[in-house]
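Order of writing sets the labels: A, B, C and D. Residues in every chain begin at 1.
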Amino acid sequence: MALMTGTQYIESIRKLNMKIYMFGKKIESPVDDPILRPSLNSVRMTYDLAQMPEYEDLMTAISPETGERINRFTHIHRSTDDLIRKVKMQRLLGQKTAACFQRCVGMDAFNAEYSTTYEIDKKYGTKYHENFIKFMKYCQTNDLTVDGAMTDPKGDRMLAPHQQKDPDLFLHVVERRPDGIVVRGAKAHQTGAINSHEVIVMPTISMSPEDKDYAVSFAVPMDAEGIFMIVGRQSCDTRKLENTEMDVGNSEFGGVEVLMVFDNVFVPNDRIFLNGETEFAGMLVERFAGYHRQSYGGCKVGVGDVLIGAAAVAADYNGVPKASHVKDKLIEMMHLNETLYCCGIACSAEGNKTESGNYMIDLLLANVCKQNVTRFPYEIARLAEDIAGGLMVPAPSEADLRDPKLGPVVEKYFRGVASVSTENRLRILRLIENLTLGTAAVGYRTESLHGAGSPQAQRIMISRQGNLPMKKELAKAIAHVKE
Amino acid sequence: MALMTGTQYIESIRKLNMKIYMFGKKIESPVDDPILRPSLNSVRMTYDLAQMPEYEDLMTAISPETGERINRFTHIHRSTDDLIRKVKMQRLLGQKTAACFQRCVGMDAFNAEYSTTYEIDKKYGTKYHENFIKFMKYCQTNDLTVDGAMTDPKGDRMLAPHQQKDPDLFLHVVERRPDGIVVRGAKAHQTGAINSHEVIVMPTISMSPEDKDYAVSFAVPMDAEGIFMIVGRQSCDTRKLENTEMDVGNSEFGGVEVLMVFDNVFVPNDRIFLNGETEFAGMLVERFAGYHRQSYGGCKVGVGDVLIGAAAVAADYNGVPKASHVKDKLIEMMHLNETLYCCGIACSAEGNKTESGNYMIDLLLANVCKQNVTRFPYEIARLAEDIAGGLMVPAPSEADLRDPKLGPVVEKYFRGVASVSTENRLRILRLIENLTLGTAAVGYRTESLHGAGSPQAQRIMISRQGNLPMKKELAKAIAHVKE
Amino acid sequence: MALMTGTQYIESIRKLNMKIYMFGKKIESPVDDPILRPSLNSVRMTYDLAQMPEYEDLMTAISPETGERINRFTHIHRSTDDLIRKVKMQRLLGQKTAACFQRCVGMDAFNAEYSTTYEIDKKYGTKYHENFIKFMKYCQTNDLTVDGAMTDPKGDRMLAPHQQKDPDLFLHVVERRPDGIVVRGAKAHQTGAINSHEVIVMPTISMSPEDKDYAVSFAVPMDAEGIFMIVGRQSCDTRKLENTEMDVGNSEFGGVEVLMVFDNVFVPNDRIFLNGETEFAGMLVERFAGYHRQSYGGCKVGVGDVLIGAAAVAADYNGVPKASHVKDKLIEMMHLNETLYCCGIACSAEGNKTESGNYMIDLLLANVCKQNVTRFPYEIARLAEDIAGGLMVPAPSEADLRDPKLGPVVEKYFRGVASVSTENRLRILRLIENLTLGTAAVGYRTESLHGAGSPQAQRIMISRQGNLPMKKELAKAIAHVKE
Amino acid sequence: MALMTGTQYIESIRKLNMKIYMFGKKIESPVDDPILRPSLNSVRMTYDLAQMPEYEDLMTAISPETGERINRFTHIHRSTDDLIRKVKMQRLLGQKTAACFQRCVGMDAFNAEYSTTYEIDKKYGTKYHENFIKFMKYCQTNDLTVDGAMTDPKGDRMLAPHQQKDPDLFLHVVERRPDGIVVRGAKAHQTGAINSHEVIVMPTISMSPEDKDYAVSFAVPMDAEGIFMIVGRQSCDTRKLENTEMDVGNSEFGGVEVLMVFDNVFVPNDRIFLNGETEFAGMLVERFAGYHRQSYGGCKVGVGDVLIGAAAVAADYNGVPKASHVKDKLIEMMHLNETLYCCGIACSAEGNKTESGNYMIDLLLANVCKQNVTRFPYEIARLAEDIAGGLMVPAPSEADLRDPKLGPVVEKYFRGVASVSTENRLRILRLIENLTLGTAAVGYRTESLHGAGSPQAQRIMISRQGNLPMKKELAKAIAHVKE
């Protein structure tokens, strides 16, 4: 069973015994919770599309390790072509969900661990790579969704892990046993956690020898003893409780972030991928972040496609699809969106083989990719709001539309071109609201800004990778500067 | 009693018999409704500040008509100094409410009607100016809040009012009686309607003779027979029902938009300010829009001040107030915000006396002002989200913080610098969320874009007012072009 | 004779015995030099326009000191109205010259010295204000052009004046005599120097007590013993030697920068305005820079008007004035240009009276003004180049057009719309080249960037003047943060 | 002899009998002309680098047609890998010349003709593909540089070719003979013409049947009877005549544009690639433009590398390499430059096989690439000018530096950090001037804007290729819109 159906996936998640809290209460059946369910549906799409022949090339791959056809989300990239397909798969999923489909963090963690554990073992004779391969095959064979957990709470951002007043503000080893380790701490902003079977934990920054206990990476099941989660709020989250399919804009798909707490969680030895080799913490972070910055050149582009389409439909419904300024704004939106895609493709096409044999994206271009993602979706959103018109937000509720007395009034006064129903017009406007101000804005805006590292993190990498000394030499040669 | 206290104002609104619907139901006591109340509080601030000596110069003026000290919101501008004070008053109110305080539409309608009715009367010998003066004095003496209602539903935007399939998609006269007229139609996106005593209705576009019945302007009380309103939804609106002061970000102030329906409303003759003189519809629109585009150079700047302050506090709480990129982003936010203010001040300082004697802003610069407002708040918001950090949205709920079991976990893991309470950190983040994604984002983003006319409306005015022919002559003179 | 004619001005400059070097040679008659003359013509325009009744209000003022009508460039601002007129005068001159007319540095130095000397005297009982008033009256009465010299060479920018390896990299006092002081050093980038009668020297940065000898300000005639100048190169400077009026784009007006060297120049006591009071160096710099940053909201706007006009003419000549994208780009150019103007007007309208009685612009807004000037002219230039089309640069020379054999070919193939002569088309394109790449680009681009302080200098001022602590308090009040 | 050395190339050009005019005079030995020579040197670099083993992979390829190793500039792309190598070769050449190396137009014409002639023949049974293959092999075997000439003078841009008042404003067939055709007209802005052996002429727009005589494509030697050229002016062109290696900034390399006139030029039948099949004119234009828009994602990036390097050196010499705002601006420059590179790589990696078997770039992404090139180099240039400082332009001439009296003064006052010679500092500033305002600015700015089609041309293509209907369907699916 290397490929689960969507239904099988849902049931497999239902069987887990995850501890999830929201609004101060434990959620007994997360799979059926109206606030959480859309986020599960987004992940489900990664299973559903993998079943469809037309997407087989993008959504699946043959695992060299197991020889079976597996979901690409559990695949180790073996070529630049694999890297490019990853980006295309993500764009496709963004188009189908208009939301974060969450599963890429696991794929990115897989590929970062694959090469990093290989290099640690080479230096220290450890068995992390073997541990990781075993875990990876298990996930491939069972088609599991894996969360990749990196971001610690961090507390005072000017202080290193070991300098924090509360030592738990970065996740760390609190006990070392013969059979494994015990860890404590938390990981913040975990988007896919509640819909995952397993989680790979990684450190979140480069570390010095004093941070030894913090340089730890491992995998555990999501319902391991000691793990619990608190669901974060989102703009318009509770609108999903109001029994209105229309007003939520995108009733089927979404994403949800949680704080994942590790309250003295035991990790057996064969699930450990890094344990105190502090100088490799930075490599793991850099590689995971690199892959993940590539990801944004696919997924956000797909979501952008939906938003551009929605704006174009809104223009149709307003009766202005031929106004030159409207056409020009749609062109600008497409231009910006495809520029992001170019970055996603380019850092993939320029990927390189690592020592371990898998493929790494071009680090400089992946950071350039993400840096653009911190800017363009905001401008695309602004243009969408511009085209949508002033009605986009303060449109009346579905309850008003369905009301016998008010319904006809809403029908009458919120109609655009006579040939389109008011309901359809409101639906499109609600979708744009959802993506620019509502639950999906958390994914399309905030996550575009801070996911895979905040803008400044990319700038530091661009500075490091940009090879300024070589550029200076070029200039001196042309200017005939002799020093 | 030319100046009401805030309490008197609230009670005066409570006495009105407005018909307000929301989520399919009639709101029996709008003044006490948790979703609507913050918007009332914002208007109340225009009364409260007018009582404070330190703001007397900004908030009040001596009416040349009544000789009394009146609230500036009911004042006719008599100098460029009045115009500048208006902008400063608006910035102050934006700072105090971080929301739309709504009362400026009445002031802008007052000043547009004042000069336009004067010019209509001059041409046609009508009595609109006299009608208007009488109405104005009534409002000044009783310190009333007046809604200025311009935006019609418009239907198919490529069609003129009389060409629409449904004739009511622009408000129009349906019956002419000896004692007055009867009107039908609606006005959309009325932000201050539910908190106003009276409403001035104006046409929304320039008109041709065929649109005669649509060229109508008048004033009626908000609870006139035949008027009812449907409240529009806002991002996070129902969060205000969840008994959490923290999670809403700004629990005290807000703004709300409604559709105001005129279902055969009678307007007595002495309340009519335009009635069929189609060529003056455009003048009224242009002047009202001009004043209102000036307004945005004050109010949004004040809201921007709060958002900049919130981002700076968030940086303090994250422990990074001295990071050079954070400082630079705060500078950029202030730079953009003050550029908007420059535009608000400049179009005021360059104002001119109209034939009627009141002062009009510089039309070109007011349109330039609003055009910048359609851009910079979006970038300021993006920078605020950047500085706030990834936690801004998916922070846990107040319910989690107050929960005996989860509270300590939230306290522990969402703390930034050790010296600041997690609650304070969450409060500031929620305020930023409120302004960038939540209820206030409707005011700070969507309204900045579409209020007082969408971006393209300003571009058309800039094109008309920019005097390109003169600029061509300048160029030809320098280039020694002889034609 | 409080107002000279243009001709009188030229002759008065001719009489000076300035030492000016260019391309390694001394220029014997700078007034007649083809490279230098256009810059003289620009200053002359400040005299010519002052003679014209229609510009009297802008170009002149009544001096409270002499009681005579004087050129506004020698006037001390006595109101915000004076400050606004200054900006309008500058826009007018920019429109008439499409170049830097240079005389504002003197006006800005006058106003900065006026208030600063007053405050120094108040603290130290010195006679600087009296000295300055005497000098100022002399300039007013004789209608002199005064250079304001601030920028030192600065050497290693990380080092204070007294720390530089070569002590002369900042101008300083090298000898103190009973009758005056002797100074040595240089001032860089002096645009109006060669066309001025006198120069006011000011320090270029805030200083500490160790920099005592560098905290010096004074005025001397431009041909004082020991002063000499080296003219800097400009893009396309020597094209002015090629006997082509067409190819230079703007054959009449320009601006030129020089290095002004002070090789042991004696300054008599009554011409000294600052001498060792180091804590006032910063005030003088800040005020001069403040006034000068205001200036850019006038002069560059005027030049922008010419460039916008030229682009519009080019569009006419290309046959595309109605293409929607061309119209939109012209609107954008006007929008950006008027935004700069708004900043110039706003910092003037918000000016304040100093202790000495003259008026200071609003420092925050003046810095915001200049910061925008470091950006928008570049975008306006880019849009002008876009509209002009690919022919803008590589058009053939006037020599080709005038050649009997090649002329008809050029006529034929470089014609746009049939009704316009090729010569006129080429003239307009050359003007755009002049402003975006040629001699005038140094004024419209480089000077917009670095004149009156580089972008970072304004950002530091915005940071200081933006009152972030107050903004934080506003945010905390709204968010109900209690610390 | 499939690969010429640089020296052989220069001599081969010397042997041609081209008719080149400049400043109204015929240039007798263009190869030795100081204004033209740098442009020849740039093309020579394409020969020199092809001789170096370390660049063999990029600079050369094995021709499937001749079996020989040929210069990549004469190669037909057989894979996406070929397309990517093209971009990398161009970046390399941009880095080595900081100028336009001109030879890519021939390569782009080759690849556009290859596939288009194939498809014309398929439809009409013509022999254009055979003609083209023969010509191509000739060029490959002899390592020729080929100009690709597309842009007609166009006259009134609102009129089709056959509607122009002067029929020659688009190049056209004026006589049809048994052995060939005679053409008349001109091609504008030909950058590489004077350094090429052959020229491929192509139409410049889509055509309708009435434009039959204008739908013509062919190849002729550059010195064919009837061809002559007029060299266009460039900013600072004649500075190259002033015997100063320093002041020109880049003394070795450059680019020059000419008007190429076809005064009744005979084209033999076997050199014709299109002759009246009007519906294929658009295909040829679109493909050539597509390849050429890809090119800009390589060459301008290479030039950008030099400019970024120059700015970084200038910062070093100013003593401020560690100032946070300087570092941040350098990062921004690299970010923008690499974004362009991403676009160049992505449209290559996403290339597709044509019917004829060669590879075409992805048209949408290539247009996105060029659209960004019309923007980012301008911002990169602005940032370079910002970092360089105010001295960048008005620095003194080399003549001043070499003068015995003035030299020491220049040395003294234009020194930055004490350890760097003033000469080196001036050299770097002159290079930045050259790229932002001087001769190279024509390549880095104007050509970035208008080369391969003006910005609006790309927007039209983005609109056509962006598949908006599909995006609308995505949005409707998510919003549950049923029509």
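The criterion applied here is as follows: contacts are C-beta pairs under 8 Å (C-beta built on N, C-alpha and C of every residue); 3 or more make two chains touch, one makes a residue touch a chain.
Quick caveat: nothing in here was measured; it's all calculated off a predicted structure.
The set of chains touching subunit A and also touching subunit B is given as C, D.
The greatest centre-to-centre gap from subunit C, using C-alpha centroids, is found for A. Of the two chain pairs examined here, A-C and B-C, the one linked by more C-beta pairs in contact is B-C. In terms of their C-alpha centroids, the spacing between subunit C and subunit D amounts to 38 Å. Distance between subunit B and subunit C, defined via averaged C-alpha coordinates, is recorded as 40 Å. Chain centres here are Cα means. That of subunit A falls 52 Å from that of subunit C.
Residue positions 325, 328, 459 of subunit C are each in touch with at least two other chains. If you sketch which chains touch which, every chain touches every other chain without exception. Subunit A contributes residues 21-25, 151, 153, 155-159, 165-166, 168-169, 186, 188-189, 230-236, 238-239, 242, 247, 257-259, 261, 318-320, 323, 325, 374-375, 378-379, 382, 385-386, 389-397, 399-400, 402-403, 406, 409-410, 412-418, 433, 437-438, 441-442, 445-446, 449-451, 454-456, 459 to its touches with subunit B in the complex. Residue ranges on subunit A touching subunit D, taken from their complex, read 84, 95-98, 245, 249-253, 305-310, 312-313, 316, 327-328, 330-331, 334-335, 338-339, 341-350, 364-365, 368-369, 371-372, 420, 424, 427-428, 430-431, 459, 462-463, 466, 468, 470-476, 478-483. Those residues of subunit A that touch subunit C in the shared complex are 324-325, 328.
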